[in-house]
């Protein structure tokens, strides 16, 4: 599956892009994060959450939707 | 002492005036109210508080200031 | 009690939405403020025993009311870390849909503004000698009692 | 979750005080309303390690944010007896002193509006993916974290 990974805030500064397309075999959020952290080691130093189907998910969530977002701490308002 | 008695809201409807001057020998709020209720019997049917020096007072407060106000339940806002 | 000058809180007639907007605008130069909370009381077209309220006519024991508003202001600044506070109340006739009470509190951080706003409004309702006469569409009236 | 249409809560740039005044005006024809409560978040000129914030640049995961705003709206209507609720949040640059969040709740009676207002604001702070980049006067920046 081709995933569309979106990066926000400080995470987009680390990846130097706001989104990218990544080929990913079936798996969990944790497995995807391992791939991303290999590509962007600095991600490991940051606090963030992962959204899948517009909900915050845990690492053992199985990815079934192509859109994944990496969200730093919220600071609206 | 000449007292200036102020009436508000429904009380002014009963007394048919918003204020009046009344000659009153020394005494308490309770004693003044007895005089007023003799003059306006319908006052006895109404719920109200008495303000003396811009504070709500009880019947045994001694009147030392010429301005007295009879206040029905507040309904600001 | 502080010796600060007692302000006049009363406005003749309704408080306009533009007045509220302008009050907000005046605080935009105060750059330590991070949160504003506003309460606006609007006259409801209540139906009471088949009659509908068309307006409320407000009167007040003005000197005492302004003293009480002042005491409420002092107590609120004592209890909550606020930057600013403004209170306006109508006197005279306010039609249904119009605003009769405007309370505005501002603070550096948001947490206090909700509590402070509620505190001020409840204190006003409980302690300020203002009297509302509900005028019905048939021109009869009754005296309002706060609940 | 209801099937109601998800609204777009975002406004490009600051929210003007006139917009807030106009929003109040629009509710004056709703004669069952007795109480409005408003929260306005204003960008503070915070000083951080000797540098002063001059603006916040907001970005958001917009689709998810609008879904979350919608869920907050539904939860608030479920928990409090409100007549109306409106939420607006800025995207892009909002200078210090300008307003970046506007929450507006209205109800027949006052008691619920304070709690509802606080609930909505806290839910937004906690659950909506909006990100603020604090721009300093020297053009350096840092990413804001809500407290």
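Per-chain numbering from 1; labels A, B, C and D assigned in written order.
We adopt the following convention: a contact is a pair of C-beta atoms (placed from the backbone, for glycine too) under 8 Å apart; a residue touches a chain by one contact, two chains touch by 3 or more.
Every value quoted in this text rests on a predicted model; they were computed, and no experiment measured them.
Asks: Figure out the least number of contact steps between subunit B and subunit D, where 1 means they touch directly.
Replies: Shortest path length, in steps: 2.
Asks: Between subunit A and subunit D, tell me the centre distance in angstrom, where each centre is the average of that chain's C-alpha atoms.
Replies: Computed value for the inter-centroid distance: 26 Å.
Asks: Between subunit C and subunit D, what is the separation of their C-alpha centroids in Å?
Replies: 23
Asks: Could you work out how far the Cα centre of subunit A sits from that of subunit B, in whole Å?
Replies: 73
Asks: Would you give the residues of subunit D that are in contact with at least 2 other chains, written as numbers and ranges?
Replies: Counting only residues that touch two or more other chains, subunit D contributes 41, 110, 121.
Asks: Among the residues of subunit B, which ones contact at least 2 other chains?
Replies: Residues 77 of subunit B touch two or more partner chains.
Asks: When you check every pair of chains, which ones turn out to touch?
Replies: Result for touching pairs of chains: A-D, B-C, C-D.
Asks: Which residues of subunit B touch subunit C in the complex?
Replies: For this pair, the touching residues of subunit B are 6, 8-10, 51, 54, 69, 71-77.
Asks: Of all residues in subunit D, which touch subunit A in the complex?
Replies: 41, 58-61, 63-65, 67-68, 89, 100-101, 121, 124-133, 143-146
Asks: Residues of subunit C touching subunit D in their complex?
Replies: Checking each residue of subunit C against subunit D gives 17-18, 20-22, 24-25, 27-45, 96-99, 106, 108-110, 113-114, 117-118, 121, 147.
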